[in-house]
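Just passing along the structure, written as structure tokens.
Think of it as A, B, C, D and E in the order they're written, each chain with its own count starting at 1.
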Amino acid sequence: MTGFLFENAWMIPALPLISILLIGLFATGSNARFAGIIGSVAIGTAFLLTCGLGLAYLSSAEAGASAVTWSIEWLRYQDHLVVSLGTLIDPISLLLLFVVTSVSLLVHVYSIGYMAGDEGYSRYFVFLSLFTFSMLGLVLAPNLLQMYVFWELVGVSSFLLIGFYYTLPEAIAASKKAFIVTRFADLFFLAGILVLGFFVHQWIVDAEWGGVTAAAVQSASAVQALDFATINSEPVLAHLKDQPGVLGLDLLTVAMLLVFIGAAGKSAMFPLHVWLPDAMAGPTPVSALIHAATMVVAGVYLVARLFPGFAASGDALDVVAAVGCITCLFSALIACTQTDIKRVLAFSTLSQIGYMMLALGVASAEHPAGLGAAMFHLFTHAFFKALLFLGAGSVIHAVHSNDVAEMGGLRKKMPLTHATFLIATIAIAGVPPLAGFFSKDEILGAALDGEHHLIFGVGLFVAALTAFYMFRVYILTFLGGHKSDGAAKAHESPPIMTIPLVVLGVMSVCGGWIAVSQFVLPGVELHAHLLVMGLSVAAAVVGIGSAFWLYGGQANRAQTMAESMGGIYRLVQNKFYIDEVYLFVTKMIFRFIAAPAAWFDRHVVDAVMNLSATVVRWVGARLNVLQTGQVQTYGIWMINGTILVLLFLWLVQR
Amino acid sequence: MYIQPEIIVVVTAFAVLGMEMFLPPRQRVLQTPVCLLGLSIALAAVVYLMIQGDGNFLGGQFLFDGVAGWFKVSFLLAGLLTVLLSADLLNGRFKIVPGQNRVLIHRGEFYTVVLFNLVGSMFLISATNLINLYVCLELATIPLFALVAWRRDDPLSCEAGLKYIILGATSSAVVLFGLGLLYGLSGSVDLFTMGDNLSFGPATKLAIAMVVVGVGFKLTLVPFHMWAADVYRGAPLPVAAYLSVASKAAGLAFMFQLFYRVLGNVLLDVSMALAVLAAVTMTLGNLVAVVQANVKRFMAFSAISQAGYLIMGFLDPSGAPSMVYYMLVYVVTNMVVFGVLVFYLNETGREEIEDYRGLSRTNPWIALVMMLGLFSLAGIPPLSGFVGKFFLFSVASKAGFHWLVAVAAVNSTISLYYYLRIVRQMYIEPGLGDDPPIRASASIVTALAVSTVLMVVLGIVPFFYETIYEQTHNWIAVAGIRGGMAE
Amino acid sequence: MSWLSLLILIPFATALAVVATPDSKWYVRRWVALFGTGVVLALSLVMSVSYMQAVLQRGGDASMLTISQMEFEQSVPWFKSMGIEYHVGVDGIAMAMIVLTAIIIFTGVLASWEVKERSREFYAFLLVLVTGVFGVFISVDLFLFFLFYEVAVLPMYLLIGVWGTGRKEYSAMKLTLMLMVGSALVLVGMLALYHAAGSQTFDLNKLAMVDYSRDLQQWVFPCVFVGFGVLGALFPFHTWSPDGHASAPTAVSMLHAGVLMKLGGYGVLRVAVYLMPEGAKQWALFFLVLTTINIVYGAYAAIRQTDLKYFTAYSSVSHCGFVLFGLCSLNLMGFKGAVIQMFSHGIMTGLFFGLIGMVYGRSKTRDLTKMGGLSKRIPWLATSFYIAGLASLGLPGLSGFVAESTVFLGGFFGNPWVDSTTMRICTLLATSSIVVTAVYVLRGLSRVFQGPMTKSEFSQMQDATIPEKLCTGILVATLAVVGMYPPVLIDLIEHAIVPIANRF
Amino acid sequence: MYDGTVATLFFYFFAVASIALALGVVLGRRLLRSAVCLIGVLGSSAGLTLVLGFEFIAGIQVLVFIGGIVVLLLFAIMMTSEGHTFEQRPSAARRVMGGVVATAFFVVTLSVYVHTDFPPATAEDLAVSHEDVHAIGRKLLSNERDGYIVPFEVISLLLLAALIGGIVIARKHDPEDT
Amino acid sequence: MFPTPTITHWLTLSALLFSIGLYGIFTRRNAVGVLLSIEMTLNSAILNILIFNRFVASDDVDGQVLVLFIVAAAAAEAVVALAIFVSFYRHRHTLDVTQANHICDQGNSAS
């Protein structure tokens, strides 16, 4: 049974794929209502398989073991560069599998209610299943290229889902933006793959030629340059570290930085974060699944996957830490000023992912605790953030507005939603003993252990900010009086939507008690920092307190505060004008590259081609004039010809 | 005796002349079939002789070999097709358009002169001495002056004749001067002896330059080509067709005689000059053809450029088979196109390129044949024009004239441009109203069918080229003395 | 007779059969054409399977070969004195191209299901064109190759000129002439090779055994490369492509962009690269830069287009750049990527042009700015369009990714004859086009299919008919099959590419 | 006639005469006068031929060339009745072009002759009187390798063809003959 | 007084006559005048051949035979030429060759 589960781990991603086919074939038109059920059943089965797999892993394998349990040759570039599709089972992939299948299942179920009656109902579930399939494939990838393949696929399914309401211009714009920005980042990922592919391949070939069999890495002939096992192996990393790269960096750092840019794009790290807030134009369950719980953490997952590489490089890891740090601070600040509930959550997501990156960044080969902490936070964050989004969805569903200014007082109207939302808010704020507290605490601890004091400080500050803005939203949404008709008429969502909320609520409460870090990094000692705990709880309390002080009472206190900040507030509220910068750059590209290219093509390149035709005709017309009809002129030409032939023969040739 | 084809043609000519004299006008229609019959028998006789093998007559005054045979086949084919194409005009079957005078009279005399001219060309390729060569050249030329001016009521025809004869006589004088020099430099009039005796001195160069005038005049090489456009335009269309093929083939025969037999020793020395001549000819012909509006002038320039391709074969001694083959191909291909031109001019009185609009709707088959003919001229596979051109280009390439191959190939493209202009009118442009299909006469249909089939078959069946290749060995051997050393 | 000859005989016979149909029955012709092309498609699939079997049976170590191994060979002397033979045979590359052609022409006939105007000539010319294309792919004799090459180019003039739209005469003429100039260059080069090899044979594989002098290769290689490159839309000789494609009728665009442009790449591989490795080494850098420009520049130019066909044509310029780019890498992966890209782009662009035709037939406009919200009314076409678009931006799971990633790796791996830094910079520049591609593809597609419906008459649109569904379905399925299971294509071509790569 | 000095004298006499008359032919503006000059040129040529020792050919020249062709030309001049009218002067450009080309032709030809080594003999050295007419007559009708029976026949066809052609073209329009 | 004429003298004379003839061909406006000039060039070509027959191939009569044929051919040429001139004159009432430019359709070039 255990072996069976391992060898057939491919069935986990395959199930959503089957569900796509089934929905596509059968659940169209009048049968559309079955789409949700088919999708949910498929993903439910996948979830069960995942659980079985996890149990089997826990029971059979030694802790931290990693194995490719199944693979088929997929794309043969050349020897040692053969890409297989396979399933890599190790703690982090299992962790992610669990997160993805569980959240996806809940979102599927939730969506049955949320999307009911939408004309694109079955299309929605096709896309959702497509996403789930891709994400699972990504998680299970045993090599960089499979990762990239599914990386792109999640990107495209994200694109499709953001643009689900395809008649809305902002949804279309957002979907394009999301795709193009991540695509831009993927370009660097691909470049990283090229770099790694070439140099690792070269190493393998050299090793073969040099008599050193590739056994140094793995069993001989099957060594493939893009396998994680190969890339992450000591000799390869050492080799890469020795090679000169560009800009004075060593090759390993260059490669890892390139890959990291890809990761940053997908995980919406500063400055590639611009797509995520806009992506909220998609259906809310999609935001919960893709843009909160799973896809956006793919970047974190990627860095974790290549952690030995990052760790060996060192510099690359510092960049990760810095980027994570900036992002979490920056987006937390923005989150404090937004009024669209989903946008607040989006910036919150950014901030939390920044947290995870930060955690990875503070880890090192000697002190890998940050890695575990990042994974832990990924795990807990998935649940409470999904819960927040689904709760927000429930609210939006009821109020028909995203703006917190039009909500308020929903505590009574939607008790279940309120309760679960509150749980999630507390969890994210880092109040013990809910999930967020533990993971966040571990991150801060890791930062302190790694002697990254500045980062620790920022982390602490962001923790406070997080508590602040989350409670701000909570207060504005659920407390106080109704601020609009929609809020007044709101009522609780149907059970199909609330049950997932409850389940997620339970996970948000209990998630922190699962020893994820030990699972991910068996054998690494983790010691609790009482100091850190105390500081983080204090930060949470400060945040919550200030939120209540500012928004709990008379509303104008916040107003006054904002006004007193003046320009800074506006700067933050407008997201530091980063979007505008991008817009400007894009316009410049259009105006100064694309338009000239098109113009150049029509009016220079093509004109030259046309000119040659014109010249031919012009010369023809000129020569035609020689045909004067004067017979004596013709005769003169004839004799001229004779003389010329003679002179040619006589003078030119010998 | 290897002279039977010529005798048959002469006999036919006299028979036709006799019919003109002794038959009442209404029965003179029979002259056409008699003419066709005679030419066909002559053709059969040539083929028979070719199967028999080489030989000579009158102690070697008259030489028959494979190459001569193929030339005669070309001449006879050209003659046959010309007779077919001119039948409608002579029968008075054409549309009368005010302001145009297209009547062609004196059937018997017309055929006689054409046949005499044909005999001249046939003797030309069999001649073994300079005197015979010269006289045959004159016979292959002077009757053409008369044919061009045949339509005596048409001022344009007379004008064309005037131009043609003035330039023709001039060129003949110059060529005679050159032949005299060759005679003086070699001390002999026997072509083979002359070839053995000649060396490449300045006087030889002068002689070459002068005979090139004659060759260039017949083959329409630039700058000796200028008569062509005006003469084609003014001459009766079947005569223009005949000029463009038979006269050109005669020019090639003359050139073969001169360049292989007399100048064989120095052939490689003049190859650069020939290459330049070829390049200039094809380029100018094509460029000017691009801007023509009248199909006759257009075909004149097209023919000029074809001559440019043709003489590429002289760049390497091994080019003889390519040239003979291309000449054969060119004769049938050009006759396909001229056949359609004659058909359309006779039936509608139209001769501008734009007048061909919509032909594919009214007469799809004729349009198809026309298109194939034009494509073959442009060298589009799998038609014989492609194969022929390919072999010629190969000769130039073999001789190392890669630049010339490039020029020639680009020229083919330019030529495709103007050929496509007609195709465009026929296929793309809307027709001139709802014209009913035009009925083609039997003679035109026969001519088109024969030439089209030949045009396709020549390119696909390797027999023709291979046979020519086998038979040109002795010509190359004559010329190959220096060629062999150069390699 | 070899089975291969059937590949040219059947289309030609079908063309004749079409000509023989009675005047009034235009609908008979499409069935005749469909039947003929269907037979060809089936035949090509059967042959590719038996090709694989033959390769497996042959066994042996192919990794050291430097001469292409042909299957289904047949050789009949033609012009003996010139050494010209009717010599046909295929290796994996040709086989893949044959399958591509068969698919495209079959779907092309489906896409032109409603052609009524002068349908006799239309189908006849179309089939003659395909005869030429098949002929090129089965030719082993260079003369034959060239012959069919020109046969394939010429009918295009009439097909565009008669059944096209817009400035059709201009476009048709431009296209024909530019391609013919290209073939002129090829002719110069191939004759030079022939004579350098002793004027004995045009057999590609025999010509390949000759060591041509460095000087010869130095000038012949660029001739041949540019000559074929014109058809492969090599910058700056690509300008025939936008105009030509924009004016051509649907099936012709499909066939032209899908198959004919591949003749360029195929020719470069088969003639220039295969016969003249030395020349390739000397010129690799130059053409690498040129093709990089191709890729990037084509993509940027595509952004600004507002006509769907121009848009796709520029995207083709960019994508065909990948083919030539791969060939300039001069290594196994580069060649492999180029061939996969030929196949992939063929199917993809065929799908694109087919769909554009179908959409145009409904909307009566190809102007991006005038369309909008169509996916509501024509979901099938919209979905297919999206799939084509995604394939074009290199989405994994569709064939474009397989091709492009291989090309990129090939480029990045480089070769000893080009400075590796330059090579890599070029590769990264080329890679950057995937972003630009994403920009223009998404921009274009969202304009047409998303957003509010811009015209009221659009709401009357009908979704795809059965032939259209079949047409797009086949193409989409091919894209997906190759994209999801690349070995299906790679196994076919790998054996054929190794000998060529071994020459370097 | 074959005496060296006399021959030299005759040569120069005829040379000067023919050149002068030739200039008269081309420059004269009265057509009839040109024709008469041409007769003079041809006559001088016949004289030169005599100096070279070819009596028979000289006779033929006088008979056929002068007697036949030029008389024919005179007929033509009469028929077109332009004999006594002044011919218009050719345009200056034409004269310059024609002059330049003709001169160039002469110059290149002359320079070629100067660069060529012809046999050093003079006409006098070779001027052995021999009766050529027999040889010519024999060769004209000989069917041996060095005979000219073929051109002899061919020229008859040529003359016939020219005759027929000339008649057809020059004949006045004949209504019943279309 | 004068050098004894060598072959070069003779040839020069013939070339000069030929050139003068050419000039006539190029400049005479009357077609018959042109024909006169052509006859003159033919004459100089004949002279050329006779010179060679005398100086180079004096032991044979081939040159003389050639001259015979040339004279005959020239006659044939003249016949046809005159016929054409007459016909032309009938249409145009002039024999000015510079007026013979009706065929040439200039400015009628295609688009």
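Here, a contact is a pair of C-beta atoms (placed from the backbone, for glycine too) under 8 Å apart; a residue touches a chain by one contact, two chains touch by 3 or more.
As the structure is a computational prediction, the values presented were derived from the model and not from experiment.
Chains that touch both chain B and chain C: A.
Annotation of chain D and chain E: jointly contacted by A, B, touch as defined at the top.
Least step count on the touch graph, chain C to chain D: 2. Nearest to the common centre of all protein CA atoms is the CA centroid of chain C.
The chain pair sharing the most C-beta contacts is D-E.
Ranking all chains by how far their C-alpha centres lie from the centre of chain B, first place goes to A. Seen from the Cα centre of chain C, the chain whose own Cα centre is farthest off is D. Between the Cα centres of chain A and chain C there is a gap of 36 Å.
Work out the mean CA point of chain B and of chain E, and you get 25 Å between them. Remark: chain A and chain B have CA centroids separated by 76 Å (rounded to whole angstrom). Averaged C-alpha coordinates put the centre of chain A at 101 Å from the centre of chain D. Among the residues of chain C, those in touch with two or more other chains are 177. With touch defined as above, residues shared between interfaces to two or more other chains in chain D number as follows: 94, 97-98, 101-102, 105, 108-109, 112-113, 118, 146, 148, 151, 155, 158, 161-162, 165-170. Taken residue by residue, chain A touches two or more other chains at 613, 620-621, 624, 627, 629, 631-633, 635-636, 639-640, 642-643, 646, 650, whereas all remaining positions touch fewer. Under the contact rule stated at the top, the pairs of chains that touch are A-B, A-C, A-D, A-E, B-C, B-D, B-E, D-E.
Touching chain E in their complex are the following residues of chain A: 620-621, 624-625, 627-632, 635-636, 639. On chain A, the positions that touch chain D within their shared complex are 632-633, 636, 639-640, 642-643, 646-647, 650.
Only residues 4, 7-9, 11-12, 15, 18-19, 22-23, 25-26, 31, 34-35, 38, 41-42, 45, 48-49, 52-54, 56-57, 60-61, 64-65, 68-70, 72-73, 75-77, 79-80, 82, 87-91, 94-95, 97-99, 101-103, 105-106, 109-110, 113-114, 118-124, 126-128, 132, 135-136, 139-140, 146, 148, 151, 155, 158-159, 161-163, 165-170, 172 of chain D touch chain E when the two sit together in their complex.
Per the touch definition, chain A reaches chain B in the complex via residues 613, 616-617, 619-621, 623-624, 626-627, 629, 631, 633-635, 637-646, 648-650, 652-654. The touching residues of chain C, counted against chain B in their complex, run 77-82, 84, 121, 143, 146-148, 150-151, 154, 157-158, 161-162, 168-169, 172-173, 176-177, 180-181, 183-185, 187-188, 191-192, 194-195, 199, 219, 223.
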